[in-house]
Amino acid sequence: MSGTVIATHGLRKSFGAVRAVDGIDLDVRAGDVYGFLGANGSGKTTTVRMLLGLVLPTAGTVEVLGRPIPKAGREVLPRVGALIEGPAAYGHLSATANLSLSDASGPGGSRRTRKARIGEVLDQVGLGGVGKRAVRGFSLGMRQRLGLAGALLRRPDLLVLDEPTNGLDPQGIHEIRELLLDLNRTGTTVFLSSHLLAEIEQLATRVGVLDRGRMVLQDDLATLTAPTGATVVDTPRAAQAREVLGDRVLSADGDRLVVRGSEPAEVNAVLVGAGVPVHGLTLQRPTLEEVVLAAAAGSGDRVQAGAAS
Amino acid sequence: MIAVELRKLFRRPRTWITIALLNSLPVLVAVLLKVTDLAPRPGEGPAFLSAVLTNGTLFPLAALAIVLPLFLPIAVAVVAGDSVAGEAQGGTLRYLLARPAGRTRLLVAKLVALVVFVLVTVVIVAIVGYVVGTTLFEVQSLGATTAVSGTSLTPDQVAGRTLLSIGYVTISMLGVAAFAMFFSTLTDSPQLATLGALAVLIGSSLLFTLDAASDIAPYLPTRYWLSFVDFFRDPILWRNVVRGLGLQAVYVVVLLGAAWANFTTKDITS
Amino acid sequence: MVVRGWRWVVVALGLAVLVALPALVEALPADDEDVSPADLRAQVLASDDVAFSGYAISSGGLTLPVSDALTGVADLLSDQTALRAWYRGSDDWRVDVVTPTGETGTHRDASGTWTWDYADQRASRGDDPPLALPTAPDLLPSALGRRLLSEAGDDELSRIAPARVAGVDAVGLRYTPADPAASVSAVDVWVDPSTGLPVRVVVRSAGTATPALDTRFLDLDLSAPAATTTAFDPPPGADVTAERDLTDVDLGRQERADLPATLADLGRRSFDGVPDQIGAYGSGITVLAVSALPGRAAGSLRDQLERTPGAVVDDLGVRIAAGPLSLMVAGTSTRDGGSGTYLLAGTVTLDALATAARQIQEAAR
């Protein structure tokens, strides 16, 4: 596995006069955990659906695993596991039966290994004990796990997950996160679409930010949150520290000072030398939230007066 | 894919409830006939019902004639209307298509599953009709059955022609099924698709009775439904049966084509 | 970029082809043959030994004032009747009137007919009466064509365009009655040129575009059907009766009538088995039947006719026309000591009926 896993060029989707997705160029590479961030209504789901051949683009191209979508869907999609806008299953059937039906309804799922694979993924997502129970009685979290099991059923090269931790309790979220990281370590590329910054920040290696149908940001998380060249100092004697550092202090907030200088040791030496106690010293990094807020204009749910009419 | 659709359909409790409800009407009619001994005057009421009191082996046909005008097409419209729209409403359609089950493949599999459903339903109606008919009414074990033309049919002939009727009634339902399926690809609401198909059905039945519509009567989906009676003329009158088959084939081809044209290019946003 | 429209184009084209196909087949021109009208008529009249089986539809365009004794006839002439026929010879045939859930079959053998009615589970045996109301078998194009052309004169015949009927390229023959009293404007008969079998008959009356009667084969097979198909044995359990014929219907045989030798320029003629009290006039497709009516029957029939829209009521009596058929209750009521009441019925104009009624009154005086 190497190279580009998802590539879109000038991808656009219009519903009537509304441009839900407006010319985005996704670039997801093998081995990435790609965090696809965007507010509600920013076009995330439409993009995910275009990647899976459910929604047909108005313009632009989609390539997944090096093959065009939707044209080569029959070839490519069996190697892609997906969770799209919440899980769905036949309520009157058991979890096992649901997975078995799903596996049988497309290519790439060997009948011989089906039973074993189903048992395995149910254990993986923590539903091993309820495989025979009708899905009707499942909680939201259990359904979410079942959906994930469906996505993992064929050991996909690429996982496309839309809000995968929806409905899970903190324990569940942690479990799923560990599972995804585990899969990623063994070579699975993960495309994670979410509006939860924290989730993306904890999982993603690359981030794309969508705002009102446009891609406003796409880079490695490490680059986005790279040190700014400043050091954050935590000291109980902030006033004294300011005197010592002079105009190197960029901003101050109570006991917390932001000081110019990418060498915390050097800053520490200056302060300690002047007899100022230092409780903590770190390199300043922007949070993902700050990066996203700087790039994106606002919440998609928010409708300005006059804009809706 | 077809096997998957069949499993979905027949492991669903609703399917069997539908079939059970469908059978309740002929059974009720049989019990009422038995209790009151009031058979409809020959030539009135559902076909073959008047003959049932003296020959219970004809009750499978009477049962078919009872469910044919309304119950059976409603059952078919409900199941067919649910075919695509039901998956869309339940959210499973997007997973099916992302699996990927090809869209055309899915449509064809759904249609085949529907045909099997209709066949199973009709066969069950006939079997229940036979059991009820032979339990409640006299059986002419030696004597032959009188055909519509006044000739006598041997029990073997009756059995053979009943099988032909079962096949014909099954195929007669395909037009309604194709309508419901086409509507089912247009909307995400199975109820709406079913209602659309029922509107077609009721409209067709109404126009059929209208003299002013006689020019379009041969093209109405319900036009040749009753032609299964023609199997019991002697010799069998094939003309309307053949036309009925052809008409249903045209409806299936055109509507499945329209469903295909719509569904294969549809944005799945459900 | 996916081009989406082509699928709909395919479906629309397919639909167009399917819809247009029947019309295109129908529009295919039929071959004509060079036969003189007289020869064609002779061929038709000689066709009663042509064996065939087929399926025919007869549509009547008439609205008759219905009397209870005549509902069967009224249905034949005003509705669509589907007929299945098997014909081996003039006294070995079977015609079934097919309804959606039943049928009525007429089986002819050497000595008479069996009529099977599925709805009533009744088989009735009839001998071949000379005078009978029209029944469904008479509407079969073959039988009707031969009957209507039987008395046509050569100068009344002309050739019309051929038509494709039941897959046969049938040649057309038109019979336009010359008699001024005629209410039928034309009878069009299409004939299978190889056998002379009439395959379609259209009876037209003056002044209306809707044919009074249009009967044609939809399916026709010119091979002889099996004898077992035309034969009939009453099934066990059926109600077996003897058939009533028209001579049993009380048409006022007790009333003596001295009818003139001509009425409205139509000559009187006699048929075997027709009682004297009924006078038959005319020839070909222009015929008039006159019978005296008993007072009570006359009163109720007169009332019924008077209520019919379009009825002409004057001192001669009441007369109505339904397409080419006309009916009149003429004369004053016997109750006021008048000259007796007559029923006049036929395929003549209302004026001819009036003339005939006047002539009967004058003869009776």
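Per-chain numbering from 1; labels A, B and C assigned in written order.
Note that in this section a residue touches a chain if its C-beta (ideal position, glycine included) is under 8 Å from a C-beta of that chain, and two chains touch if they have at least 3 such contacts.
If you want to know which protein each chain is, UniProt gives these names: A = ABC-2 type transport system ATP-binding protein; B = ABC-2 type transport system permease protein; C = Sigma E regulatory protein, MucB/RseB.
Owing to the predicted nature of the structure, the values given are computational and were not obtained by experimental measurement.
Set against the Cα centre of subunit B, the chain with the most distant centre is A.
The most centrally placed chain, judged by C-alpha centroids, is B.
Our note on geometry: subunit B versus subunit C, Cα centroid distance of 39 Å, whole angstroms. Averaging Cα coordinates per chain places subunit A and subunit C 85 Å apart. Taking the mean of the C-alpha atoms as each chain's centre, subunit A and subunit B sit 50 Å apart. For subunit B, the set of residues that touch two or more other chains comprises 265. Residue numbers of subunit C whose C-beta contacts span two or more other chains: 2, 4.
With touch defined as above, residues shared between interfaces to two or more other chains in subunit A number as follows: 56. Interface of subunit B with subunit C (complex): residues 41-43, 47, 54, 143-144, 146, 148-152, 214, 226, 229, 233, 235, 237, 239, 250, 253-254, 257-258, 260-261, 264-265. Of all residues in subunit C, those touching subunit B in their complex are 2, 4, 7-8, 10-11, 14-15, 18, 55, 80, 84, 96, 98-103, 105, 116, 118-121, 123, 218-219, 229, 232-238.
Within the complex formed with subunit B, the residues of subunit A that make contact are 15, 49, 52-56, 73-74, 77-78, 80, 82, 84-90, 92-93, 97, 101-102, 104-107, 150. The residues of subunit B lying in touch with subunit A in their complex are 1, 3-4, 7-8, 11-13, 90-92, 94-102, 265, 267-269.
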